[in-house]
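What follows is chain A paired twice: with chain B in the first complex and chain C in the second.
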Partner chain A sequence: MTQQLLTISDLQVAFGSGENAVQALRGVDLSVHRGECLGLVGESGSGKSLTALAAMRLLPNAARINAGSVSFDGEELTSASRGKLEYLRGNDISMIFQEPMSALNPVMKVGDQIAAPLRKHMGLSPKAARARAIDQLASVGIPDPQRRIDNYPHEMSGGMLQRVMIAMALSCEPKLLIADEPTTALDVTIQAQILDLLRSKQKELDLAIIVITHDFGVVAEIADRVNVMYGGRIVEEARVRDLFDSPQHPYSIGLLNATPTLEMAEQRRLPAIGGAVPHISEMPSGCAFHPRCPERRSKCDSQVPKLDPVSPNQSVACWARRQSDDQAA
Partner chain B sequence: MLDRIFLNLALGFLSLIAIVVVFGDFIQPHDPLAQNFLSRDEGPSAEYWLGTDDFGRDVFSRILEGTRLSMTIGLASPLIAAVIGIGMGTTAAYFGGWAERVITRITDMMMSFDPLLLGVLVVALLGPGILNLAVAISFALIPSFIRLSRASALSVRQEGYVDAAIAMGRPSYSTILRHVLPNISGPLVVMTTLWVGTAIRLEATLSFIGLGAQPPAPSWGNIVRYGVQNIFGSPLPALFAGLAITLTVLSFNILGDALRDRLDPDRAAR
Partner chain C sequence: MTKLLEANDLRKVFGGAVRAVDGVSFSLDERETLALVGESGCGKSTVSRLILRLTDPTEGTIRFEGQDMGRMSQRALKEVRREIQFVFQDPFSSLDPRMTAGDIVTEPLAVHGLIKGRAKRRDTATDLLKTVGLSAKHVNNWPRQFSGGQRQRLGIIRAFALGPRLIVADEPVSALDVSVRSQVINILQDMQEDKGTAYLFISHDMATVKHIADRVAVMYLGKIVELAPKSSFFSAPQHPYSEALLSAVPASHPDKRRERILLQGDPPSPVNIPSGCRFHTRCPLAQELCKREEPPLAQVADNHAAACHFAQAWPMRSRVADTSASGP
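Coming up: the complex of A and B.
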């Protein structure tokens, strides 16, 4: 539990170069331990997906890593060769995507798509890979896997396709699974089933999972720890219980207040965070959240706060939470 | 309905062509190269179905023999062009960056030449002959394959399953072959078919101006060429070789259109 599997430090990613460069990740620090589930939460445009793509070195062509390091199991990924990455991807790190319908090739049988990484990484024969693919399908709860393996993606429902994606991603028993909004495109009952499946796979394989989501329900369901992202940085890092019980960063507080609960009086309007996420080309200086922040201090617009522990299991990057304001920076 | 009839006629004609290409030796009533000075410039007869040319050679046999050469080049050039063009186009789309810039520049450069002019240039450089003709025609067809495959591959590159394949550790070449190519094959198959007609036409044109198959070997293009020179002696060689070219090109175009209707989901929905 204590051993770190993935450590990202001061990761900076920009789109374009030179004067037109747009800073999308502005120094992300996060770490994932073996067998732990980390939730990465934030609004659209906060950089959560980009962080995951950068960790897998799957960034689009226009984006590049300018600084920082991504270390996976002692291996530096930002400078890893193409061959090394091809070896790691699917074998040690896997990823599942938001849209299961588009993440599977429409003209390829699902069995062949699951078998591909098995053949590459485990060197299985076509026959052995097929047998294992059937086992994989069965293990993610797909009924009648012998028949389903010869289905094309259009013959399956969204929930089943996400199960197929999970089967494919976990076929080589990776150490880390990055799940980018794995349930967003699914309806609520299927969501719960997929989260259950991920939970049980995590226990079974001692798998570390990064779940990227904007849904605190998903986080509460599955994550052990949460990182809250805003404006290309991590603004709060805490155990799930601690975050829900006592959110520290004004942004986390705002997000949680904006989550509807059953106890809520029917007529009450949900409190929203004022303003909108600024475009990445117009990120404010200092703490990116300061223009929307109800607890703004004078130094917030000029100096970037660092993640500082407020308790053993919780850190926050906010000037308003510093015990001694003047002493810092 | 009319489409259907034309398609069947075209398929029937192309089947005949296929038979002629494969079994030509058994079908040709005479040796296409044998000259007979006792029967020059004859009209159609039971002996010579389409008459003879001014060397006394059987026109029907020569057109059948010419089919082989014209079809070989007509099929080989678009296929060569497809392999090279699609390879370059998908590479450009998949990798982007400098590879894409270099390949698009090359394409633009090649596009700026008229296919016929390009053919003349290549043949002038390498000398006339069947192989050089095939090279010239492929060269002329490559840029459009690059363009189409790059454009199609660019949209497929954005699909989740390409990212998913990379995320599972699939190497680039394998991702292109297994994930990108199958999903862009429809328009490429259509274009290859349509370009067969164009390649046959180009072959005929280049042979007509003397840059293709060298006499006495017959190809449709050079049968027309020497037929025109002797058009007052016997108009039949030029007429029937021209007809063979026209019908074949037409058949391939009809086939290509039909394929497009089948493979393009938007059109199939009509």
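Coming up: the complex of A and C.
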């Protein structure tokens, strides 16, 4: 059995406080096993990026963790000291973002940016860090790394910068990489290259990856397991094949149907989900998806369904999937 | 028969050196949807700006119903502008935040003097809003009170307000949440059926293109490298770049991960377009000939044109690889 590396339980995060507080994460449960790639799927405002930031304790100032726990490799992070967190970030957990151009320092050579964590976290000398940075660039498929190491970010393309970000994120051999929409800003042919790179690094380094995305195509390409988020909660958790073969939550079903694919049969109209993604300040009561749900029951607008297993590898938070409860009600 | 729109050898050079559009020709029939696809920097958005006359071509002509738009008087051009409208990518920046929804959707009519008076304008606005599933209660709302999908609907009504014959839609759904994209695509198709409008649909998303287009034009570094009816394009693409683009589309199921045709590196800069076939520096099939001679966009099958010296010589590889055995 694989061992759990990251476990998040009942995580609640709010912006602001008192009466004006806006609940952004409303009890998130998720876990990541060693060496696996977890796809965290959701639309704008679902809380997917916030979950990752909360796990790394990098929340913006206005946001606070109100309840819940984040346990990484046996350590509780919600109460960890600053020093401990600094050690973990970089050494054990690292992160890459959607816009590599804005995540890198524009006035610092990429080689120096890759070398910085090597010196801080691994205590390498400047010379050793530079040599290692060149190896890192080569390992993410950047041609001519000896020359490229002295480039500034503006001298590189978006795809190459994302490779630099990956090199930097993996330089201290972390156990977990969080990739927040890593290919959204890239062209499709470059996206394919970056996904292939992430997949090969996962195998090579036995790396756990959380890929945050709105795109089921990215999930199908890279994830081993998937968590679907809506309205600040996980609404479905499954092995990737099970999710695509038999999605359970009406939201997952709707999203998969509404995503055009190349293999899709010719049809005049695309299946659509009605309504719009709710803003976090106007989250519906009960199950947040109920106003848009084609399978709505009477209790959906008042009671929050828990994530319950429907099979050993799949859980769903939906009243319509609980036959016994429904008959009793 | 006169085509609705005919672009002939369009060129646009920025700053004397950037050949953003480098000899593009295509035509559009009434009621037809032509998708223009390609990666960032290929010149597809510049083509849309040229068609809308938001920028003038360095060379080449655009004919609308047979008339050369470059030789029209200002007055005639204003008339043609009623016939060619646009929908932009970002519904957050393309609506004036200080105009109400009712004013936004009726502004084109007011500008062209087709409605007068507040009451009339309000009634018209209500009718227009209803055509895309909004209602009278939205007339006085501000753009910020709408979701992204609703804003894009306002953009669509505005585009259709003057009864145009052609709408240029530049990535109209890519800024929207996945769950509302299909709503907007359906509205675009319903409006087209209802009004008989033609679309120049600019997109990087091959799956959406496959759903919405009648014909597909693939651009690479300022040129169209393949132009074909949808069915023959998706079943038998003839240009290696088109094949690579299709093979890069993410899988629709973990068991259908594709065998990729990996392209080397990034597209070259439009300042420094390679000799011969402009794709030869990244083409997995490139030969000596490709470095020397630029292949013309030539017919390779019925209505199917490709700019490749070896268009029909290479057997098409199977794109869908069964990787079910590689799972954990």
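Here is the rule we go by: the second predicted complex is superposed on the first by the 320 of 329 C-alpha atoms of A that agree within 3 Å, B and C clash if a C-alpha of one lies under 4 Å from a C-alpha of the other, contacts with A are read in each partner's own complex, and residues count from 1 in each chain.
Rule of thumb we're sticking to: a residue touches a chain if its C-beta (ideal position, glycine included) is under 8 Å from a C-beta of that chain, and two chains touch if they have at least 3 such contacts.
All figures in this text were calculated on a predicted structure; none of them were measured in a lab.
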Using the overlay on chain A, decide if chain B and chain C clash or can fit next to each other.
fit
Can A:N105 be said to touch chain B (first), chain C (second), both, or neither?
first
First (chain B), second (chain C), both or neither touched by A:R269
second
Does chain C touch more residues of chain A than chain B does, or is it the other way round?
C
Once chain A of both complexes is superposed, is A:T259 in touch with chain B (first), chain C (second), both, or neither?
second
Is A:M160 touching the first partner chain B, the second partner chain C, both, or neither of them?
second
Between chain B and chain C, whom does A:Y87 touch in the aligned arrangement: first, second, both, or neither?
first
Is A:R322 touching anything from chain B or chain C once the two structures are fitted on A? First, second, both or neither.
neither
Which partner chains sit in contact with A:R130 here, chain B, chain C, both or neither? Use first/second/both/neither.
neither
Overlay on A puts the nearest Cα atoms of chain B and chain C apart, in Å, by 15
So the chain A residues that chain B and chain C both touch are none
For the chain A and chain B complex, residues of the former touching the latter
56, 58, 61, 82, 85-91, 94-95, 97, 99, 102-108, 113, 116-117, 120-121, 165, 168-169
Within their complex, chain C touches chain A through residues 39-40, 147-150, 177-183, 185-186, 189, 204-208, 210-211, 234, 244-257, 260, 262-263, 265-266, 320, 327-328
Any idea which chain A residues touch chain C in the complex?
43-44, 143, 157, 159-160, 187-193, 195-196, 214-218, 220-221, 223-224, 240-241, 244, 251, 254-255, 258-264, 267-274, 276-277, 292
In their complex, what parts of chain B are in touch with chain A?
96-97, 159-161, 163-172, 178-179, 182-183
